[in-house]
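Each of the next two complexes has subunit A plus one other chain: subunit B in the first, subunit C in the second.
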Partner chain A sequence: MTTQVEYWRWTESRYTNPEVDWRKASTITAGIDVGSVSSKAAVMADNEILAYGLMRTGSNSPDSALNAINRAIEGTGLTMKDIKFIVGTGYGRINIPFAGKAITEIACHARGANYIWGPVVRTILDMGGQDCKAIHCDEKGKVTAFLMNDKCAAGTGRGMEVFADLLQVPITQVGEMSLQVDKEPPPVSSTCVVFAKSEGIGLLRQGWSKNMVLAAYCSAMAHRVVTLLERIGMEKEFVLTGGISKNIGVVSRLEKELGIQAVPLPKDQKFDPQLAGAIGGALFARDLLAKSRKAF
Partner chain B sequence: MLSRLGRFFVLSTSYIANYGYADGSGEYYVSIDSEKCNACGECIPACPMHIFQVEEDDYGDMAAVVKESHRKSLKYVCAPCKPTSGVRNLPCQKACKPGAIVHSW
Partner chain C sequence: MVTSIKKYQTRPLDSFKKAVELRKEYYQNVREAKQQGKLLITGGADSMVALPAGLGDYVFFEGEPYGATISMDPEFSGKCVEAAEAKNFARDMCAYMRNYWGSMFLNKYYFGGEFPKPDFVMQLGFCDTHAKWMQQVGEYMNAPYFGIDMPVGTPGRNVEAKVKYLTSQMNDAIEWMQKVTGRKYDDDKLREAVRNECKSSTLWSEIVCYNKAIPAPLEQRLIFTLFIICILRRYERKSVEFYETLRDEVKQRVADGIAAVATERCRLMDDSQPPWYFLQLYKYMEKYGVSVVGSHYSFFLGGSLEEMPDGSLGAPKTPDEMGMPMKTREDILRAYALWYIKKPIISQMFALPHFKSETMLRLVKEWKVNGVIFHLNRGCEGTAMGQMENRLALTKAGIPVMTYEGNMADRREFDEAQTLRRIDAFMESLGLSKLES
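Here is the complex of A and B:
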């Protein structure tokens, strides 16, 4: 029997914060971010992140959302009943039946980045599964401008998966491998993933190494993000969220082209930056709940 | 934009929303300045392609947005309104008294 290797597959994960006892918390809220590639849920006990779950998005949003939240609360002793308010965000946000409100990923990423990195953050580059966004925010994590490019998959996680699969390289190693080149190749020219893929096949036929082809693709992705930034402007400090933020090959090329470094994750920070949207959602949920309690 | 908070009017949200895309041929963004937009809705009937709608934003204020269904094709959607030469008089901008709508191309 042969098993087929899926090179694009990244590991689903979950996390419980050992320092938080939810039984002592007065309010438990959650944010669920259903993206095109991954679904994330963050659960908050008062002002602290209690747990999160990161799963692959399935064929429909309600199930994907439920999967993510179930994974997040697994082993914590919490049940869905304990969660008093849920905000849905991401691509599938309007199809989450148990969410009390849907908020765009733009606002949630800004809010979440502010929580993770602190009030210094002014620009957020979210490189997600299906689109790429540049967001400006103030010191409170409130959006001051945004721009997204959702035209095509090339500069996105989906595009990266296509390349990992083509070259039979595990997606988590793409970034490292793309840096192991003697000379930086010119970026692939196609902005459409279908064309970029055939360009990649062409380069392999010409005898390019896998690393060189990955370098050409990572550098094309970095360049696309810089183009987005040229329109909206770059305000320091900047951070990266979304799945591609874990790809060192894209991130280092991006920093090089911009001439500045992204703010590093705080040392005591245990949260995956891919969770920014879900964390922002949980924070909005907390505020909305507080507001509705005040109203009565 | 303006929103009512108790008896007072306060300036709350202010952000610039850029809807659109860039491709090999150029950048096609329609931006709406939420600080200027008063949610009057005049742009909705003014636009022959019906690209605008007014909805509640993430912070609970009303503002105009470009519908999702049109964000990937603005170059073509707006083409009939845009003369290749001469005076440009876009219906959306004419209708918007506060001047909240800007086109990047």
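Here is the complex of A and C:
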């Protein structure tokens, strides 16, 4: 029996903030973002992020959510009982039985981005597993407008995974490799991931290198989301969230096409931008808990 | 922007039943036209449906409402669009057309029996797809076809030339209809049908103006049920009587403060035809306390609005009310031509998006709308044209806008979960949460 390498598999991870002692906190809340590809949980102690877990989404949302929150609290001494309010977000948000409220990932990403990058953020591009969203927000992280890509997975994380498998390149190396080309090739089809894959196979047969094909796909992804940003009206204080925000091949091409740089992560920032939705959920959870306490 | 939660009084609309009954009767009339000794004519919903009236009793079988009706039945609609595609008609063509054609190719009328064979086909070419749609019907059904070309261009410009162009074609159509049916043409019957059509239209316009009231007496699902008579039967006296009764009822609802949505706390408009097979969309928004108070499409498909002396939008006058002569055939045709040239659905939606943007901004203001939802409709080239330009104009004016992709009559292109997800996000951005689960 042979073992097939799954090049699309990215590494699951977790993080605990060593500077935060949850035992001293008056409120512990969490946000769980069950996306189509990854499930993220962020745990907040008062106003600080205590821990997070980043896991692959399984076949059902409740298990994926539990998996993510368990991974986040692993080793912290926290138990689920200690978490006073949970907000569910993402594609599977309505199927998280232990969440007190479901809020859309659009609102959560805006809120999370505001927390990570500060009140300067006005435009957020969330490049997720199966869709992309261009979000406008105000200085408090409140959504003022949004647009989503249409129904195809081309230009999303899932599309990138398909290409990683096709070219047998680990997903984490796709971005770097796509930049190792002498000349930028024209982009492949961005209408449909299936067409893009067929085109990629054709290009390989024509003798293109893997790097060239990856460059053509990263370029297509960047171009597709530029259109989305142009439609919503771009403001230069923009940031990227979601898994694709970690792909330098897409991000650098996107910045080049837009003619502006994304706001960099703050120097002391330890949070993965893929966690923005979960962080936003945890912030909403904190506010909702405070509101319910006030009511009594 | 969003007011505090308040529950308005609500009650069912008496005229609703009558609208359903009239629609049902219409489709029976289509099926039984021949037995009733009536002519059966088919063509687009925006054809000059009063024109054949001079020939005597007739039923005008309109393509688009029939295509929309079919789309509400997933099984039959699936068979119809596949039957059209099997004849090599592309999937991205008008979805109404593919449903209608499929029904014709399968020789199955949705309301029972065989697909009704028309005596002739008459189409106003305001939408190029539709001109070819009906040409195909004529060829397939072996029925004579007459196409009237609709002049386009900037509203208010070259009006006389446009009138001349249309009336000359209408005169040709009358000659042609007499020839193909062997019937003599009666101008008195034409006059009556034109008067009915214009009156039905102005009554509908008057009714939608009552929806400026807070709370709105009607909401979009209800509007769709009510406006269809003004599409299907607007040349009949029954249509005028129906809208007179409805107008009085809606007026009374406003006086009594009766709401269509008891929890109305946010008023939205939408754009383009809805996904007809998923009108639950509006019910879903009601959970947030949203009343969709209308749209450019639902106001203007059957009606028209023009500026009143006080600067607000109101119902236009009929040719008789404007004092236009209606004595001779030329008088009637001139009045009828002018009526069509001014129709916003033709002059704005299908031709000049920036005019539509201006109208939408006025509708938003006068109907006190908090946001607009665009159905980016892949099923209709005409209504989809310029939608992004309209969206941009509203956004620039600071009006919250949401878009979702779909198809008015081909559910294969609609994603229910994704659409509801977008609505949830839009509601959140408007500061609304569900009042019920």
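Rule of thumb we're sticking to: the second predicted complex is superposed on the first by the 292 of 296 C-alpha atoms of A that agree within 3 Å, B and C clash if a C-alpha of one lies under 4 Å from a C-alpha of the other, contacts with A are read in each partner's own complex, and residues count from 1 in each chain.
Simple rule for what comes next: a contact is a pair of C-beta atoms (placed from the backbone, for glycine too) under 8 Å apart; a residue touches a chain by one contact, two chains touch by 3 or more.
Only a predicted model underlies this, so the values are computations on that prediction, with no experimental measurement involved.
With the two structures aligned on subunit A, subunit B clashes with subunit C.
Shared-chain residue A:209: touches no atom of subunit B or subunit C. In the superposition on chain A, contact of A:145 is made with both subunit B and subunit C.
After superposition on the shared chain, subunit A has more residues touched by B, the comparison being subunit B against subunit C. When the two complexes are overlaid on their common chain A, residue A:76 makes contact with neither subunit B nor subunit C. When both complexes are overlaid on chain A, the residue A:228 reaches subunit B alone and has no touch with subunit C. Clashing C-alpha atoms between subunit C and subunit B turn up only in stretch 274-282, chosen from 22-30, 202-210, 274-282 or 328-336, once the structures are aligned on chain A. Residues 103-104, 106-107, 142-148, 150-151, 231 of subunit A contact both subunit B in one complex and subunit C in the other.
Looking at the complex, you find that subunit B touches subunit A at residues 13-19, 21-24, 27, 29, 58-59, 71-72, 104. Listed in rising order, the residues of subunit A touching subunit C in the complex are 91, 103-104, 106-107, 131, 142-148, 150-151, 231, 233. Only residues 103-104, 106-108, 136, 142-152, 191, 227-228, 231-232, 284 of subunit A touch subunit B when the two sit together in their complex. By the touch rule above, subunit C contacts subunit A in their complex via residues 388, 395, 400-403, 405, 415, 418, 421-422, 424-426, 428-429.
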